[in-house]
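Working notes, beginning with the structure itself.
Order of writing sets the labels: A, B, C, D and E. Residues in every chain begin at 1.
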Amino acid sequence: KTRAAEPLKVGVYGGYFQESFDKFIFPDFTAATGIEVESVAEPTGEAWLVQLEQAARAGRAPADVNMMAQTPMLKGQSTELWVPLDPAKLPHMENLLEQFVHTYPDGRIDGIGAVAWYITLVSNTDVFAEAPTSWADMWAEDKRDTLGLLALATNSFLLEITAETHFGGQDILGSEEGILEVLGKLAELKPNVKLWYRDEGQFQQALQTGEIPMGQYYHDVAGLAAAEGFPVRSTFPKEGGVNDSGSWAVTRASTMIEEAHVFIDYMCQPEIQASLSRNVGTAPTVRRDLLDLTEEEFSAVASDIPPIVPNYQMYAERGDWLEQQWIETITS
Amino acid sequence: MSDLRLDSIVKRFGAVTAVDHVDLTVPQGCFVCLLGPSGCGKTTLLRMIAGLEMPSGGRLLLDGEDITALPAHRRGFGMVFQSLALFPHLTVAENVAYALSIRGADKAAQRARVTDLLELIQLPDIAERQVSQLSGGQRQRVAIARALAVDPRLFLLDEPLSALDAKLREALQVELRLLQRRLGVTTILVTHDQREAMTMADTIVVMDRGRVQQSGRPLEIYRNPANAFVADFIGTSNLLDGRARGGGRIELPGGEVAASGGPESGAVTASIRPEDLRLSAGAPAGANCLSGEVVFVRDVGQTVETHVDCAGQRLVAVAIPEGDPPFSSGDRVTVELPAEAIVVFPA
Amino acid sequence: MSDLRLDSIVKRFGAVTAVDHVDLTVPQGCFVCLLGPSGCGKTTLLRMIAGLEMPSGGRLLLDGEDITALPAHRRGFGMVFQSLALFPHLTVAENVAYALSIRGADKAAQRARVTDLLELIQLPDIAERQVSQLSGGQRQRVAIARALAVDPRLFLLDEPLSALDAKLREALQVELRLLQRRLGVTTILVTHDQREAMTMADTIVVMDRGRVQQSGRPLEIYRNPANAFVADFIGTSNLLDGRARGGGRIELPGGEVAASGGPESGAVTASIRPEDLRLSAGAPAGANCLSGEVVFVRDVGQTVETHVDCAGQRLVAVAIPEGDPPFSSGDRVTVELPAEAIVVFPA
Amino acid sequence: MRSPDTGRTPRTLADHAPVIYPALMLLVFFVVPFGIMVTISFFERVPGGFYQPTFTFDNYGRFLSAFFGNVLGFSLGLSALAAVICVGLGFPFTYLLTRLTRRRQILWLVFLLSVLSLSEVIVGFAWSTLLSRSAGLSNLLVAVGLLEQPESWSPGFAALLVGMCYLAFPYTVLLLYPTLVRLDRELVEAAMTMGASPLRAFFTVVVGASRNAILSGLILAFVFTLGIYLLPQLLGRPQHWTISVMITDQAIFQSNLPFGAAMALFLMLVSLSLVGLTLLLGRRRAA
Amino acid sequence: MMGLWGIRVFMAAVALILAAPLVVIAGVALNEGRVLHFPPRGFSLQWFADILRDSGWSNALFNSLSIAALSATLAVSIALPLAYFLWRWRVRYAAALYTLGTAPFVLPPVISALGFLAFWATVGLYGNYVTVVISHAIFFVTLPMVTISLGFQSIDRGLVEAAATMGATPGQIFRSVIFPLVRPYIVSGFAFAFVLSLNEYIVAYMVAGFTVETLPIKIFNSLRYGYTPVMAAVAVVFVAVALLVFGLIARFGNLPRLLGALQGRET
């Protein structure tokens, strides 16, 4: 066992998420490895990426290990922000589903799946007695001015949702004309949207009070809120929830590469993944058969309905163009 | 036909009584000066007349009509403020025409009136100037013209000349008085300068601590001050502490003198004007003469002021030098106090 | 032993020549008043003497030693500023002791000196007061005490009394002069008030537009002004435009008069003091008499000023009222101009 | 300025000594950063990464589109409106404030300064609550009977405008305060003795004599609200996102510093020229 | 105007509108549960205690207070000699210097913040504690500069000259006359910079982001992920600090004069 002079700084999304990690995961890790952990609240992936990048240029690491969503993972690759990970030091990596091992184009590993989560359709139970069943419900006439949606193309995945719901699949997103067509459909949604949020808390507050009774949100956090007694529910629409995930990635400015490997490896253990599912509400990144989750526990964090898989490559390839089209669509 | 009457006017600011039961009648066409030391309530009284301050008690009557509660903008008076209060964002012409434009007079009428008024104040060419481009004396005249623009029923001025230097002030006093006579407008002017008041007023109202101490024609007040305060405030006076001995005789530190009136006994103050004292060289020779020593001579050419110490009291005598060499410090002199010039008040 | 000499002192501010070749000698113990209208360069001159301004040319000599380049804090002069410049964050005692504390004098010595000085200015009880708790007159005296704290070689005052009201000013003029005599300190005082200068000065230096117009004893200047500017500035003068006819005769608009000197021909200005004019009722009877009409009478009790219009020129006569009723506006009068009182300058 | 050792030209190094350190600090930490920003605005953006030194006008070019034209137009219009409201309310308010006793003025000023120290985040949150259906002011109106049922007023243009005015109001008042507190009360009284009613006197004299202060107040509120970037996200809808939001977006979410810098500079130039124009017009009118 | 009642209603309305957000914030901070309900449900002061108890918040509080104190000190140290120089000497570039001192505060904050970001990223000092201190000092240098300049302007130059005629050298004059007279203005300039630095967000975010977490950044983070009443509690504390600081200035200094009124006008 190693004992570091400084704590290992681990970046996780703030709020409920961070609190759950602090409560259920990190103490056990410290107990098991002797490595102190300091959790750092991360903002939305894009903002955090910029922070990490700036800090790395100054040789600083706001957090050593970071939980990064897929789009920022890809963006970070272009500046070699992520330290290549050594598979030899990650024996538990073999437990992972293969899509959760993230690599540079040349094959070097730069990220290991940390947790998976679903973006689902959430609603306030006081306002809507009946749960909505389809993403298409968002387009309904009677939902005027009631929705809260994520404001960035890269974290809302509304293009994929629209394509799956109204265009029978994501093939249409293969060309710029197709994307524009999807955006056109998405534009019809605008009268129904009350809040385009950048930051979760803003919507969560509004959802809990019923101010904005419906929208897209994180399945795990909605579950935690419901567990605390707020009139909130999360529904997997029949088209599927959006399945996104976060990977552990280590910034090149980190001086604690060894400890980072220990941490990432620790997190790949099935018991830990199960604990995450039970306590944090995220979906596991290891193979189902290795887990001791009951059927009930599993369906609480995931669904059997096939998920909508985000089109990360599209964001990486058409970055600025897509971003400009997106902002013009939603702001006009 | 503007006859103003103040009926027992009182003004309190919290614990301070700024104006204390003032009664006053100002007949049509009269020029009244409110005179008194700083803080005596002159401005407050004038502001109540203008309607800028509400009396705490008493009534204001104009031609018999009660105007106590009439707001300033309905009184139709003209007022010149100590600060002049010319509108800095308007030209001279716009300032002068302000009252007319408020009344909605047409442009041509305004222009005509402005021309008249600027001629009246002998500044026909400054209509288009900015206020900031005027000298002190010019501003002062513009403020007067502005206040006269709509033929005020009453013309009020609050120390309009106090910011000007001595020569200009003296000249404008004469001008203003002549102008008022020409227009015949009833005028009330506030000042703390007795010389100014004596130059201009038909009636002087001497105030102290909120009360009227005396009012009357200038020379009347000068010659017969009602009390020691007035005697000292109007012009300079030699005020001597003494005791009345009966029969008009007063015992002063330097000797006994005869006076023309006053109380029969008790502590008194004898007042005598500097120009009524007569100085002569040598020892006292005659009645009402005191002996003293010259301590200072202020010879300003036009008049000579001789300060004489008589048994510890300082007397000042003024004379126009008549070619004879004045006394100088250290000379022993005899001071004669003519009985008819001594005014005696109870101390 | 402080004998100050100004040797052709010049001061330019850019294009403005504020002081223009001034030569002046101030003997030990003398009280000099620099007198002149606003902007004539008095303050600038005084500040150069104090070392607060560097002359553009000329030399300053103190007891023969050239001090032109000596900085103010090494000159050891005392100065009283027009604004008084009392330190607002210090008590009266600390203000007075400032120069001593700068020199590192010990506390006891400072205290003793402060007590002495406050007695000198007759305010022994105010040592611990804040400056803001003093009246105008008290401040003025404290400023004087402060400037005298280290026995200045030269005592400089820039209009120290101008902010005070008339009565206090007159009283302090006398006090200051008496104090200066007692201490024997060489003193230079700046003023624009001729009455003040005449009250206090041994020598008056009349300045205009940066130049010395005349310097000399007060009455000398009053009686024999060097030019029309001085005549008008020192006291009031009636200045009449006329033409010299030779043999001392001057043609004025209202008639011809004899004068006691002046040019033989050409345009001239005749100057005569108001107190030298004699007024009488009725038509002219005799030489040097003009006929005119009374336009205004300023009777302030102590003196009567009669404004007379003589053929378009305004003459002012002053007299002490002698019981006889003064003239009133509109009266026709005869004005006598005594030949020996007329001073004539080339126009 | 006339004095021995104040107000003259400094000559020796010792005379200059005091200015060296502050000038250096401002130069290094303000002028240089500003210069770097200008430089970066001509750099080329590396997607996903940062920028590389080249010289290109592309960043400015991208900005010259109908879309950003609209955003800029909206931002300027919003700020102008907010400025007019701030001064429109702030001017009479400040005038009345200066007529209070000194004690009350001080209380007000302390209060205003405290309000001024609230950060944008907090103000945004507080107003979104105040304007919400569940906890907002509309509940009060319902309680009083003026409204049938609570309404949601946020997010929206009005909410954004309220928030912006709230932020800028204290600054506006503090800017107008000196002028109005020094305004000679006798000006109004003079107008009244000449027959102007108090309201008339206010408009013809107080407003007239304070023209310059009003103009500066407008400019201050305008520039200040132009810089607000959080409120539009908290209280506005996407169509209300201002140019400052876009700039922050580029810097925070898109890591497109060259484009952000170009927008920032463009914004600065536009607002400076508007300010200059306003001053020019004001001067012409005053002359 | 509008009658006395109209005036009162108008002033009261302004007071209410200005106070309304404060009421909301104060109310929200009292919620018993971890929700931002208004009006509050239940009553609890635990969120105020949390500011000190929770190491995240207390660190942020410490960061904010120390950064505010240091940057205000630094700002004063820049502003004081500059204001002194501008007052004492007449130089041609005075206006340029003054403008330079006021520019950071007058420009839209995003612009200054971007400039700082670019600068610190270039020199490689992004994300340091010192970086925030210096950036705030520069960003707020305007405030002490304006107040201290005001202080110098209020010194009658005659005082300086009087001291000189009484034998004081320039150094003695500075110590015995000038400094004591501008001291109150220095204190207020410091206070203004201090309070505003406490609440500054964008510059701190851009130059240090999450590596040096100040309270406003922490608050904004709370806005991102689940609102917590602690952020309201912090805001209340900040308003209280501002009230205290400005209240003290009002009590012991001359606030109206600082804000530009003429000295000694009416009482």
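Keep in mind that, in the parts below, a contact is a pair of C-beta atoms (placed from the backbone, for glycine too) under 8 Å apart; a residue touches a chain by one contact, two chains touch by 3 or more.
These figures come from a predicted structure and were not determined experimentally.
Steps from chain B to chain D, taking the shortest chain of touch contacts, total 1. Graph distance from chain A to chain C, where chains that touch are one step apart, equals 2.
The leading chain pair by number of C-beta pairs in contact is D-E.
Between chain B and chain E, the centres computed from C-alpha atoms are 54 Å apart. Chain A and chain E have CA centres that are 38 Å apart.
Our note on geometry: chain A versus chain B, Cα centroid distance of 89 Å, whole angstroms.
Across the assembly, chain A contributes residues 44, 57, 202, 209 that each touch 2 or more other chains.
Residues of chain C in contact with two or more other chains: 51-52, 71-72. Among the residues of chain E, those touching two or more other chains are numbered 36-37, 117, 120, 158, 161, 164, 223, 227. Residues 1-2, 7, 10-11, 14-15, 17-18, 20-22, 24-25, 28, 36-39, 77-79, 81-82, 84-85, 87-91, 97, 100-101, 103-104, 106-111, 114-120, 122, 134-135, 137-138, 141, 157-158, 160-161, 164, 170, 195-196, 198-202, 205-206, 216, 219-220, 223, 227, 231-232, 235, 238-239, 242-243, 246-247, 250, 255-256, 259-262, 265-267 of chain E are the ones that touch chain D when the two sit in their complex. By the touch criterion given at the top, residues 44, 46-47, 49-50, 53, 57, 74-79, 151-152, 193-196, 198, 202, 206, 209-211, 316, 319-320, 323-324, 327-328, 330-332 of chain A touch chain D in their complex. For chain C in complex with chain E, the touching residues are 50-52, 71-79, 81-85, 87-89, 98-99, 101-103, 146-147, 149-150, 156. Residues of chain B touching chain C in their complex: 38, 165-167, 173-174, 177-178, 192-195, 198-199, 218-219, 222-223, 234-236, 273-275, 295-296, 298-303, 307, 318-320.
On chain D, the positions that touch chain B within their shared complex are 184, 186-187, 189-198, 200-201, 204-205, 208-209, 211, 286.
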